[in-house]
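Okay, so chain A shows up in both of these, paired with chain B first and chain C after.
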Partner chain A sequence: MTGRALLHRLGQMLFVLWVVTTLLFFLFRLMPGSPLAAYIDTSMTPEQQAILMHQFGLDRPLHEQYVLYLVNLLHGSLGYSFIYKEPVGSLLLAALPNTLLLTLSSLLIAYAFGILAGAFLAARRGTWIEAVSLPFVLASRALPEFWLGMVLLAIFSFAFGWFPAGGATSPGASFPNAWARFTSVDFLHHLVLPALTLAIFLQGLPLLLMRSNMLEVMQEEFVVMSRIKGLSEWTIIIRHAARNALLPVATALALGIGSSIGGNVVVESVFSWPGLGRRLVEAVSASDYPLAQGAFLMIATAQVVMNCVADLVYATLDPRVGQR
Partner chain B sequence: MSDVVVIGSLGRQARDPWFMTGVSIYLAFLAVALFADVIAPNQPKDILFLADGRLANALKPSLAFPLGTTTSGCDIFSQLVHGARSALMVGTSAAVVVVSVGTLIGLFAGYFGGWLDAVLMRLADIVLGLPLLPSVIVLAAFLGPNTWNVVLAISVLLWPNSARIIRAQVMSLRERAYIEAARAAGSSHLSILFRHIAPSILPLALLFGSIAVGWAILTEASVSFLGFADPDTTTWGFMLQDAYVSQALSRGLFNWFVPPGICIVLLVSAGFFISRGYEQLLFPRLRDQGRG
Partner chain C sequence: MRATHPTRRDVLAGASAALAVPAIAKADTAGDAIRPLNLIARPQAVDPAQYQAAQLVMQQWRKLGLKINLQVMPPTQQSTAVWMNRTKWDMTTWEMVGRPERSDPDELTYSLFHSSLAPHGYDFVGYINPEYDHLAEAQRAELDRDKRVALVKQAQMVIKRDQPYVYLVYPRRSMAFNTDVWDPATVSEEAGIGIRNFWTFLQAKPLSTQKDMILNATQATQTLNPVHMDPIGSWVTDMIWDHLVRVDIHGNPINWAASSLTWLDPTTLEVVLRDGMKFHDGTPVTAEDVQYSFEMPQTPGKAPQFFPNVVNIDKVTIVDPKTLRFALKAPQSSFLTSTLSKIAIIPKHVWQPIMQSLAGTTQTAEDYVEEKRIGSGPFRFVHWHDPEEIMLERNPDHWAPPLLERWILRTVSNQEATLGMLRNGEINFLAIFTGDPQNVADLAKQQSNIKVVTTTDLGFQYIAWNLRRPPFDDAGFRRALSMAISRKLMVAAAWNGFAEPAGSCVSTALPFWHENDSLLEGGDLSKAKQMLAKAGYVLAGGELHYPAGKREEITSG
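After this line comes the complex of A and B, so read on.
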């Protein structure tokens, strides 16, 4: 990819981010009811309410509020949560690592399994193994993630008692620092079921992609050539075909990181996982606009940035794209 | 001419087991949805009592209640049957909107190109940057908890996927000889678009339709599960939310929360099975490889 093309793509990313930010601002300002409804106590006098409106800048004209919002955003300030009465930024930063760890660990499992199983199924094309497993793979893409989570919870947590029923750590558990928390047995024990739920849902895409790419690559001349040279079938599959079939899977992974951060919303809710998605749902139900806005913006930014990364990965790995 | 192609391809699809499985599942659910009032022994949200006057809550499956009852005394089987109706309504209406909007935008952007294409595709980029489920939640909360608002929100977010694919297809069709011939013969742009190009992209649009039905049903179920749906309609997502908050998981009431999930999986996979059948129609190379 040339420097010009790179700049163009980055410019496009910033443009999309700005539009999303603006849409979000006006959407939340246009919501029915006072944005302070959740915050204002019925016992407050009109004067007290007016002071609050002033504190939050809600008594100014809409365009001034918008400029203020953008300026604050550029300074990294996302406002104060109505229900927690804490800065939105610090609430979200506390939730972000939980979401990232859940997303990345489930994607790791899903892609490692999907790539291997996809290559294996391509090699077994036309056999009974393919006939039996493909309907299951397609059905796994049709699973509602939250329902899968409910079934796993009912079996492995409530019936067998092997895993905790929710949360990221046991109640009352304390850790000297974040690193100790995320590497503790307790945290990992809580991570298993939600990560497994997401991984089962996510493995279908890399599996199907890998399988169809392998089938395509196996028809190409260099593979036919290796076969004529007398190389063993597995050598051809692993050394030659798989490497070429991986490119679209890598692009899908980059896109997957972005979209599953937002898609985690339901799984986080089922497992009471303290991540960004759960914060968003909580905030929208409680009309906590600053928190909802901040959580949404963080999730959307992750997706827009990862869309851009996916394009760059594709351009870097496939030289044909860059030359156009 | 193009009608013959589509009908001929449907005849060929009829021999494909994937396609037939998908269509059979759709037809079965359609029958259940149409005759829901006859099939369901009770109203989905009626609180039922036993002959001795006790509340019929959390009953195990029996002849009277084939799937048992909920903890508040509703008949699970009746809820499931009525859920099929809302799932099909949400799925098909969202798919129809997504595919028509996507096809129209794809047709115009691909055929006319230039600034129109640039504007429409930048718009598509913006929508594709929005996270699907969080956006639907925020929109549904903004528009109010109503099933049609959820359908609208889903449609607003899903059209760019189909528009992009259809645009690419139209751009390649635009240069074909028969289109050039029509243009030379003096056909207007609109006539070329809708007489000559639109019929050839119909299979592609149908493929997207069957996938979009699934996405819409899954998204609606998730939104209902998170509690942002219409409180007056019975959907599978509502049933699952009801079960979840009523502690059905810890009480091991599998008869309550397993059936709605299985219905969702069946209905959504049916769309995937059908589009798999069309995949061979759209990309004939795949089938040739299978033979080789």
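After this line comes the complex of A and C, so read on.
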């Protein structure tokens, strides 16, 4: 990709983000329900309501609020959360690392397993192994995550007591810094069950994608050619076919990373994981506009950026794409 | 449109004559058919019991010939619809939650039904009755306890007569703890609140090496601020910051940071402070701090939530280093509970600079996020790992130090997992449970070391109707509809037995204040029909009509 093409791509990205920002701004304000609903109390008077409206900036005309929001955004400020009374940025950053570690580790497990198992199943086409394992893969994709999570909890936490049932660290745990926390045995111990649940849910896509690509690639002439050359079957599968079949999986992974920023509401709720997904739900249900806008904007940014990354990766993996 | 009504009604009236309630006047003397009425409710997933109650209520009222539509809305939308557009709704499910300061009946008795609060305040149903206003004001000013009880009970009977709400139930809530960890004799049940209360946290005695109380909360805490109330955060702030008075387990105010309280006259209260109190930073609690604690929320616009609690205070003067005098604008019988037990004692040397920095900005004291939270309460703030946990530790320098070492509040979103965690020791105190209470009861049956305590709540569940809109402006109509609803059925079918029938805003959890005769058992459909007929309503063509001459003036939407 040339420098100009890259600039063009960046320009597109910014435009998309501006559209998203605008949509989010108006969408949340069109939503029924006022942020003041959270403040209803026997003692609330109209004067106090007015104070709150003024303080939230909701007494200004909508277009003024919008311009102010954009200006603040350009200054890097996402505003203050109505319910938490703290800067949206720091609220999101408090939950983001937990979410990223959970989703990225499960993506890693899911894609490593999915790619290998997909290639393997393609090689075993038509055998009893395929007949037995495919239904399992399909079933694991269809399983509701909360159900799977509850089953894992019932077995590994409540029956065997091997893993804790909720949270990211033990009660009262304190760490000198974030790095010490994320690399502690305690954190990893808490991470196992939610990551496993999410990985089981996620592995179906790369596995099936890999398998069907492999089946296609295995029919191509260069594979036939390799066979004629007398290469071993595994050499053909791993070194020649799998590399070609990986392309769509790489795209799926990039998009998967993008969407993982938003967290996973279901898994986070089942395992009481202190992540972004639940914070998002709270923000929306309390009509906390700044927090909800900030969170969705962050998710959208991650998606757009990872989309771009996927394109770039594609160009690297498949030189034909870049030439066009 | 309207011109065609009589003809249609006449035709239908003949056909339904057999179905009509006996002794009903002829249909041609009736008014317009009552429009389809809307009942607002929260989604089933948010509150299954309340949703079920709405369904049962609709079933009964349809049998009276009413058309009822259910409008399901998420909580914030419901609040907005009911609160901010006061003329635009018909009926809604609603609840009043129990808080310790509501153990004095004043707040609910006054705020819910006093006509001054109808336009914008808590009388959102628009109940206006001078007779009631008089009783509500009289009980507020009455300092003689027995006389006040009589007034509060009288007020409840007026409400029974007028039925501005369809009271349904006082829910019963279950909390539990591990008896291997906590001595059951030291866990106290507070009337209307349950075992999750200040006294339990203060007195719970550890029986093993586990000296940390680990509790669950269903949602993340939003704020930990002494002048802001938060559904979960208030459990925490109540322990970090002390109060002059605290509400005891029977719901009565008792001296706490105050060693004595003396009414010099109906509007002057003299308070003597306890000796040797210290803030967590080591500085002594002085009369200046206490004075400032009550003056700060009076700053216009800076502490909106607590402002109403101090609005009746004219002046707080310091008599000597241990003694203060509160001068009130008007006599207020609930002053100890609604103000002294509610206002946190804050250090002046911390908050005065904060307030100075906030002056002239839109930021309020409620929004200020402290790094160190300095109070003088029996627990000290340690950390808040948002959104995972909040941790406090015992304050050994307090004059009534707790027995437990650390108090750790964990956010546990998965209700079913909460019970598993209680069983395997990840938590040792179930502070809140929003799932089916039967599951908690079952757990205690399986595990001998889990004790469940179920408490009738101070709060209550009800259907509110908009008294500004016909037909709800007619007390006769309201009484009849209320008569059709069986409270016993509500308890059994909607709350699975975990509730008590309700008849007034003063819960049975407060037997001292509760009027037993306020309960309308209901469930008598034929009586309800008779009452409607007596009030002039006519059932014709399966539809209930207004009394003769009355027009439907609201188009249903």
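General observations
The rule we apply is simple: the second predicted complex is superposed on the first by the 305 of 324 C-alpha atoms of A that agree within 3 Å, B and C clash if a C-alpha of one lies under 4 Å from a C-alpha of the other, contacts with A are read in each partner's own complex, and residues count from 1 in each chain.
Convention: a residue touches a chain if its C-beta (ideal position, glycine included) is under 8 Å from a C-beta of that chain, and two chains touch if they have at least 3 such contacts.
On a predicted model such as this, the values are computed, not experimentally measured, just so you know.
In the overlay built on the shared chain, the residue A:R279 is in contact with chain C alone; chain B does not reach it.
By the touch criterion stated above, A:F158 is placed in contact with chain B and with chain C alike. With both structures placed on the common chain, the touch criterion links A:W147 to chain B but leaves chain C unconnected. Contacts of A:Y84 after superposition: chain C is touched, whereas chain B is not reached.
Judged by the touch definition given at the top, the superposed model places A:P171 against chain C, while chain B stays out of reach.
Once chain A of one complex is fitted onto chain A of the other, the partner contacts of A:P194 are absent, as it touches neither chain B nor chain C. By the document's definition of touching, of the two partners only chain C reaches A:F271; chain B does not. In the three-chain superposition model, chain A touches both chain B and chain C at residues 32, 150, 153-154, 157-158, 165, 269-270, 285.
Interface of chain C with chain A (complex): residues 73-81, 83-84, 107-108, 111-112, 119-122, 212, 214, 219-220, 222-223, 225, 228-229, 301, 304-305, 307-309, 362-364, 366-369, 383, 385-389, 391, 406, 408, 410-414, 416-417, 420-421, 423-424, 426-427. Residues of chain B touching chain A in their complex: 122, 125-126, 128-135, 137-139, 141-142, 144, 214, 218, 221-222, 225-228, 237, 240, 243-244, 248-250, 252, 254, 257-258, 260-261, 264-265, 268-269, 271-273, 276, 286, 289-290, 292.
Remark: chain A residues 12, 15-17, 19-20, 24, 27, 30-32, 125-126, 135, 138-139, 141-148, 150-151, 153-154, 157-159, 165, 212, 215-216, 219, 259, 261-263, 265-266, 269-270, 277, 280-281, 284-285, 292, 295-296, 299-300, 303-304, 307 touch chain B in the complex. Only residues 32-46, 48-49, 51-52, 54-55, 80, 83-86, 91, 94-95, 150, 153-154, 157-158, 161, 164-169, 171-172, 174, 268-272, 274, 278-279, 282, 285-287 of chain A touch chain C when the two sit together in their complex.
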